[in-house]
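Below: a set of structures, written as structure tokens.
Both complexes shown next keep subunit A, but they swap its partner, so subunit B is in the first and subunit C is in the second.
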Partner chain A sequence: MRAKTQQEWTYDVIVVGGGHAGCEAALASARMGCRTAMVALHLDNIALMPCNPAIGGVGKGQLTREVDALGGEQGRNADRAFIQIRMLNTSKGPAVQALRAQADKRLYEDWMKVAMSRTPGLELVQGEAATLDVSRETINGVTLADGRYLRCRSLVLATGTFLRAKVVIGDRSYAAGRVGELPAQHLSASLLAAGLEVERFQSATPPRIDGATIDPGRMVLQQGDTVPWSFSHWQTPSPRRQLPCYLTYTTAATHEVVSKHLHLSPLKSGSVSGKGPRYCPSIDRKVINFPDKQRHPVFVEPEGITTREMYLQGLTTSLPVFVQEMIIHATPGLERARLVRPGYAVEYDYLPPQQLTLSLQSKAVSGLFSAGQINGTSGYEEAAAQGLMAGINAALHARNEPPFVLRRDQAYIGVLIDDLVTEGVDEPYRMFTSRAEYRLLLRHDNAAERLSSLGHALGLISDEQLATVEEKQRKVAEYTELLESMMVRSGQVNAEVLEALGTPPLGGSQPAARVLRRPQISFANLVELVSGADRDRLASAPPEVIEQLEIQARYDGYIRRQMAEIRRHRATETLLIPADFDYRSVEGLTFEAKDKLARIRPDTLGQASRVSGVSPADISVLLIHLHRLLRTREEPAPGSGDQALRQAQCT
Partner chain B sequence: MSLRGVHPDPASESMQSLPVLPGSLSGGDARPQVLVVGGGVSGCACAVTLAGQGVRVTVVSSALDSIGLPGYGANVIAAGGRAAIAEALAMIPPPLRDIWLDAAVTPDCESGVLAVDRRMISVETKCAMEQIPLLEFRQGLVTDLRLADDAGGGADGGGRGAVDAEVAVETAFGEVMEADAVVIAVGLGLGGTVHVGEDVLPGGRYGETGADGLRMALECMGAGLEEVRLEVGPRVGGQSATVAGSWNEKRGGDGVGRRLDGVSVDTDGSRLRSDTLVPEAGDSPGEVECLLSGAGELPCGAGEDGPMYSIERVRRLREVLQSTELLGGKGGVGRPVGCPTAPHWAEGLPAESMVMLIPREMEPTPVISPDGAATGELYVDPLGARGHELKGILVGGKVAGGESLIASRLDHCVTGKRITNLSPHGRLTLSSTAAPPDQAVPPDQAVPPDQAVPPDQAVPPDQAVPPVWVAGRAGGAGDYLESLRSGVRVAYDVRRWLKEIRE
Partner chain C sequence: MAAHLDRDVTPGGCSWGEDTIVAISTAMGAGAIGIVRLSGPDAVAIAESVFLAARGTSVKPDETYSLLYGHAIDPESREPVDEVLLAVMRRPRSYTREDVVEMHCHGGVAAQRAVLRLMLRSGARLAEPGEFTRRAFLNGRIDLTQAESVAAIVAAKSSGALRASVRQLDGSLSERLRMMRRDLLGLLAQIEATVDFSDEDVDELDRLALAKGLAEVQAEVLKLLRTAFLGRALEQGVRTAIIGKPNVGKSSLLNALLMRERAIVSDVPGTTRDTVEELLEIGGVPIHLVDTAGIRSGGDHVERLGVARSVKAMEQADLVLAVIDLSTAWDEAEGRLLGDLDPARSIVVGNKCDLMQGDRESLTERVRARASGGGAGPPGRRVCAVSALTGAGLDELRSQIQQVITGGEDFQLEEPVLAGERHRVLVGEAHESIGAALDGAYQGAGEELVSEDIRAAASALGRLTGEDLTPDLIDEIFSRFCVGK
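Presenting the complex of A and B:
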């Protein structure tokens, strides 16, 4: 109940939380023209990188590129703040290549704050969101703990690890969202009252040490790339000197320290009840789970240009502080390292994501969206991707427009959200390339080609930005055609060149496109194989076009196969299931399928097919039933919420 | 209660024989001589001064990301105007003094109000302090303070010499840290509560965990506590409320906050020196010089191939980073003198979003200052206005929706405890011989170090005088300048005590 005298403010969209999900959500909503407020517990702590100060990595880097291609901020912000950048997996195929950057965490925060402060229509409000105002299963607003009431049409929850959070080391714990910061104690009760299911997860961060006390001579130096990479499609980062990272490995001595003190770990003492991330395991868990492994890698990474603190990736632990020091000192290169921040675990409430539709909207409360760790994920990139999508959909909902959903064959973002809302999570979710069945299509290099026209339609990508993408596509098409028509002669000189490259001579003149398909031959080699005007034309191709031509030539067959598969499945994949569909009345469905489908209520038949316990036979039964239903019932009217998913075209 | 054996540190035995006197400084693993609990304005001033005088010091703070942060608003206010500000800043050692001067966003402090970029002070302070060889940071929320029962010392042997008392703190994570002396610099965190609108939060600074365990430990020891109240002004979003207030009208081109009386710029322009700092009596000139020149330029890296950090290195890195615009370009290390000083986020904003803020009852005019280059907020000093009474008045266009502005941060009131039974130098005095609260001398009125009576004449016997000092607001300082001064003053006293017990 609100007091009558209470002052209130009205917004289209309110975002609760100022981390990586909250920032993207608030920016997207405001940039789409919605009056937006971002409510954060502490406005000095916006876009914090409380764990690894890094953006990207395999699977995650693709997410950041996609966020950028859709007009999000994470890529641009990482470009502004990075102190080392590398392309990973350059020796492997393009599907698994990805950028990873170490960021100066202070600059990352500052730049994000600047970006937000300059965005018209976006207001930052410091306060604790205490009570959601929900009536008739619809969100109306939120009351802050300080008493202010903020009215809204849509609300995005991006609370990270703060809901009823406690931080843990050994058998000690206290209430905090991050060490030193107060948690959000009120909101969980309000979520429960609104009929949402709330569960506990756990995450952890490794210790930080003083970078001046490491011995680089005992570790492997890891420099950044000299190639001027950037996450963003829209700007070129200024060149800068990069800081090095170091690689070392744990030893038997390290493992012995851990084993000896395992009884002091919160894992054993039971002071942590939530489940932790399997894919980012603590050193405690690694020693338990892999007793035969002789060593585990430890990456020593700088946290910024204004701090000597370094992050120990791989040594996550919540063992007591004196054990942490012993673990560090038992690791080569870190014998004399001085601990600055002990590692710790944090336990928090999250909302099991099967309660969401594909637009990240709550099934129980209309207008309520959620993004980031509250949905059971981990990682800044996963958070940003969901934040962007939740912000977009919150804005669309506020304008009574149909939601924006990306399919699994369009983007990692589509894979991420489909995985979450369909399968749920039993541990903090992290993106991997292996989660995407069409990863040859969802590459780091083609994110803009895949998504920017969609971002443009939403108003998040400008005409000029779209024009640069279209120009590149035009160039690629032009060169593709050129390579088909250009002939490479089978002369003596060429035969020698080819032999030097380890590939047989041509049996006669061949189209350049065919020659480029040989795995030994790069575009640069091809330039050598032609002469005159042809050579000049090829030599003038821009690098980003060459990249596409090489990928096309090499993976053409696979890409075609994946495209055909997508086309074959699209009819069933995108077939909508009415929200009120009664699974129990469908004859021929197994009991398990009925039960699971009725609970999860998938938006599409494709999503239904990925619900665990639902067999292909069940899907066939459903397909027949849905077709029958469609004949008897009119198509759902566009704009009627999630039933009319905005089916964006995949180019 | 003895502290022996509490901390299962395998190295602790060898540590006890380490020579810890200034002048024979040992390697990086030694136990600190002094623990400074709290890394705010006073804690940093204290730690920097101590380390500058050859004392090994560890700052224990649960908020390592806001080290040195002026936590209660952007304005430094001194009744004496420019001269008072200059005098106070002149007293603090160079790395910090430079930072505060560089972070000034008003060139004119005649009125006694100097606005600083809080964020910049915090980032720069942490950066500069990390360069100081004897100074270390440790993240931890201190929940307990313990005195060894064998105070009076030397009984344990182990070659520690004339250390007459031991003290230790314990963190919420169960870590126990020992030292010869502890300085409590937790601001208003002792039993602190923050009142924001209808909400009451624990803590001495908004959003941060308080120091309640520490308050209880002090109470059990018999420390006198007295409630202090502090009003913190609201912030408004600068983008919808870029202000034409007094802070930017008088903005001139005279080198942005660099001309303070009593402080002069060295010929090379890189170092500031103070003419008014009074060297402590009895100290050799060399030690005073150490304080004056600071340790900011000392490299302390691992060698040619490893990370080697120094202010110089950071400066070079910033020059090549595009990001220089934000931190370096706006102030701090390497800031070009006379650069435009509009907050970073306000550059290029259209005139129609300019709004003049006035309080509902036109009087008095609020002091409004940018909260920092990157924050996008304007701080409204509580001397003049209260947040929810502010209204937007149109200057060139419309405020979004024409509605009243929402405060990005509400004005709030912090109540906390200050410790009353302190010596003039900020040392905790217990038992009946302690000065009653009304006779305690607030640090800002305390006699300068060189005129002070030696501790052994000023304070009761040892058992009533644990090696515990209190700096900053917890010791009664009322503003940033007093906090800075009190941190320095406490450091002098701790240093003198350490020297004495070794002689």
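Presenting the complex of A and C:
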């Protein structure tokens, strides 16, 4: 599909799109040594935060830490650009704690651009990717709308909300990728021609107001943490001046405004047809679905240092602008607030992700990968995680190497991708900790320990970076052993200390590890309970080691249970199903299982077991047939497409 | 570079059993010997933990096969459960090519179940239908040409088990399980909403309300677990031991219940030296009646042996009928005997009413007084006054037996009961996990840990009803809470 006269450039990997997925994909590919081009509609709009300028949150913060542990950029970039940072869920256990940072959106874009331009082998190309060059179910390159042809071995689609995008405010709608930006009108046709399915989703953003026109006195002040935090494992956190957020609540008056104008909502008029996310409901939807709720929270958050604009979290709406103004003015603290940018909805094409393998490669087109909102997700963190994985796999594909896949027991990233490609989506997908069955193991505090050796093997983590992680692991192991052998005596003094802490005295000398397992005992308490050389050794433990020791003690039994569970599933999780496996010929599978499996074509038996409608009995039968198949072949054939996944042993 | 995955899928080379599975591998209720079979890496260790070899024998690590005589024991109390033969087959020279241990029990179904429970507690997992065969195949034990038939067998066993469980779970029972799971999901959604949306307008977890909710589900699960007793009773019969001091009329009672002469009845104390088993039916439930030698200290050697057996029969019984002689006075031996009984699983039967004055009511009162050790013992015992000679009070006794079997509730046999060992184990697991969650909720354990236990309970129930957890949970959160900014 290309004219001979066109100018031509050749790359290993091309990334289409310069959002959070596209940037990570391009950086990972280039850092792995692949000649990489990132094609974006406008090179001033790189790593934009068109919705809330915040990174992290419960579930999402874990993803950002994992991206960092694998050598991605999001964590580091958020560390550079944040203007407020908080640890969430501090009253709850370490497994569900996470960081959330409010970023200066311009700083975030600028720093990302710096990182991109400093990466050797990465070229930024401005233009609209118009037509994919696909022949024999393989990607060859892409033609831009201006006629240039870029050849490649792998291509990553990270087009966000831009495919045939339509912006909607009230009864008005027009073609735009975001307000004020051109959509990508041509690519969808090319995707359909290549045999891909395309569906519609919608998303929306709240209005922005002038921060100088709010009344902070009528709202609750929300400061950042005074403890310095950082997303990146290799960034030493340092305190900085932070900007506050404010919390206010809608009132009956606000709800009345919404109710009165519901007939003007695009949701009602039907001008938005795609499905939107339940976890990010518009204020219209909240008023409809929860009529008994007296008030809904509204978080007023700064968008940066150099702008006075503030984001109204909780007031997402695409009602007409005059209604948006009335809603804002009916809310305490915002009575005089001046609306600067109206909220709007955007509707766009996405590719239902069941069309992908676990490496984010298209099942229909070899060498074609996709990441981010085009896969039906939402959120900068979900996008970055997929972008990183798609970039890595695009690079591996370009080098004819087996793909890199993370299992559900290794990372939230594994949960994210497995959920997407196995179950598909019926609303834009967002990460929650409750999606991760092994969340006690997949914590944000151990992301580097879990993943950085894998990042190092891929060439994305340096020797020095890995060394710091291994040093910490060595120390934790050393102290773990020490606590097992060190004895705490059951004397009168200790009995009094324990009683004061609300826990019974020891029945006799006990290993320190066992004493620490009592929920009332912290590591600091333990130091008090031993003496002499023992006390000195414990007192000299570094804080990051103490953190791990306390978590180990706290979760001890539960972690052992989860590890046993993981071992139990390991065999099925790692058994690969050939891409051409003929489910219909398998005797003993139920009709429903045959049908679903033939459609979804899972990569592994573990993935097959999570397809709805497939029973454990079906998996048993499949297991036996796969083994029969393996035995008839002289040896399992590695290296063909996704047939040999690159996976590391779980730590 | 990271290791390639296919290392794990090389056929024949690695063990497929990552864990150790266990099942009763002989047909329920059939045959005098029952085999409980373990397979997997910890098979030997688990078997050893519940086995006490007879003097001079032990499992030798270097022997491919060994057969040992000894006792199955409760590892905590060190009490013997049954007299067993232990067959150890080392990998790869076993049916599954894993370490396989078979415990051959003699004590009937009750002993097999007890052994199974002990092994589950020691870390084994209940095998899925067809899992031994599946492992045998996966580990290359079975020839390639047999593969198709293995798949067919496993599929048949699995779908057979599924059909059976659907049948068992049909109607109201399955509805009850679904409702319990639904309730747990609701509680879980409350916790998860506070975890995943803590920076939004979700109230902090109300631990008291959570504990209350958990306790309600626990009561429901417990009710269901009680029907497990009836389920088992219907499948396997109720082992009922008749115990008592010599010459109180145990054998006469057995005969009266059977309405025919079976045991040797005589006036000489200690005539029944061995245990005598008989089968009868009460309210549609098969009852295995076991008459035991009278319990008293001393006596000659043969009688001591008989006493030992009757103590064992009593321990293995589902139900104990403790017979006392109303015509004689209370003594300490009787007090000790009655004091050892589990009130929920025993009936004190006052025999020889025919020798006594008074109406039935006053006689029953007299039994009650004797049963409580002259007022000192625990209240709430089931008592019954009968005359084995005249047959007076036997109908009352039958009805009492029926009440014990049905858990003391007004229970209709037509109602669904928890049948099948798999169902009982899973509901038992759910019960245990809810208990752990309750403890956590009260003791201020982290939300993520309480959640973990509730998940375990919901997933155990889900395995019975075939429902998956995560998608349901997320839907539940969104339908209950206005979350999302």
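Please note the rule applied: the second predicted complex is superposed on the first by the 645 of 651 C-alpha atoms of A that agree within 3 Å, B and C clash if a C-alpha of one lies under 4 Å from a C-alpha of the other, contacts with A are read in each partner's own complex, and residues count from 1 in each chain.
Operating definition for what follows: a contact is a pair of C-beta atoms (placed from the backbone, for glycine too) under 8 Å apart; a residue touches a chain by one contact, two chains touch by 3 or more.
Just so you know, these numbers come straight off a predicted model, no measurement behind them.
Trainee: Superpose on subunit A as described above, then tell me if subunit B and subunit C fit or clash.
Mentor: On the superposed model, which is not a single observed complex, subunit B and subunit C fit side by side.
Trainee: So in the superposed three-chain picture, is A:81 touching just subunit B, just subunit C, both, or none of them (first/second/both/neither)?
Mentor: After superposing on A, A:81 lies in contact with subunit B but is clear of subunit C.
Trainee: For the overlay on chain A, what angle lies at subunit A between subunit B and subunit C, C-alpha centres, nearest 10°?
Mentor: The three centres form an angle at subunit A of 160 degrees.
Trainee: On the A-aligned overlay, A:493 touches which partner chain: subunit B = first, subunit C = second, or both, or neither?
Mentor: neither
Trainee: Based on the superposed arrangement, let me know which partner A:239 touches: subunit B (first), subunit C (second), both, or neither?
Mentor: After superposing on A, A:239 lies in contact with subunit B but is clear of subunit C.
Trainee: Could you tell me if A:570 is touching subunit B, subunit C, both of them or neither one (first, second, both, neither)?
Mentor: second
Trainee: Touching A:308, do we find subunit B (first), subunit C (second), both, or neither?
Mentor: A:308: touches subunit B, not subunit C.
Trainee: With the two structures placed on a shared chain A, what shortest C-alpha distance in Å links subunit B and subunit C?
Mentor: The answer is 21 Å, the least C-alpha separation in the overlay.
Trainee: Per the definitions at the top, what is the overlap between the subunit A residues touching subunit B and those touching subunit C?
Mentor: none
Trainee: Quick check on the complex: what are the subunit A residues that touch subunit C?
Mentor: Listed in rising order, the residues of subunit A that touch subunit C are 52, 57-59, 88-89, 91-93, 95-96, 100, 277-281, 286, 289-290, 293, 296-297, 299, 313-314, 316, 402, 404, 423, 432-435, 437, 439-440, 454, 457-458, 519, 554-555, 558, 564, 567-568, 570-571, 574-576, 587-588, 612, 615-617, 620-621, 623-625, 627-628, 630-632, 636, 638, 644-649.
Trainee: Within the complex, which stretch of subunit A touches subunit B?
Mentor: Interface residues on the subunit A side: 7, 9-10, 35, 37, 41-45, 48, 80-81, 83, 104, 106-107, 110-111, 113-114, 116-128, 130, 144-148, 169-172, 174, 176, 179-182, 208, 210-217, 221, 237-241, 243-244, 302, 305-310, 320-322, 325-326, 336, 338-342, 344.
Trainee: Within their complex, state which residues of subunit C touch subunit A.
Mentor: Contact set of subunit C toward subunit A: 1-6, 8-12, 16, 18-19, 125, 128, 130-131, 134, 137-138, 140, 144, 147-148, 150-152, 154-155, 158-159, 162, 192, 194-201, 204, 443-449, 451-452, 455, 466, 468, 470-471, 473-474, 477-478, 482-485.
Trainee: Show which residues of subunit B lie in contact with subunit A when the two form their complex.
Mentor: The contact residues of subunit B facing subunit A are 7-10, 27-29, 61-66, 69, 119, 123-124, 126-127, 130, 136-141, 171-175, 196-199, 201-203, 206-209, 235, 237-240, 300-303, 305-309, 314, 316-318, 320-323, 326-327, 344-345, 348-349, 353, 373-377, 388, 400-401, 403-404, 406-410.
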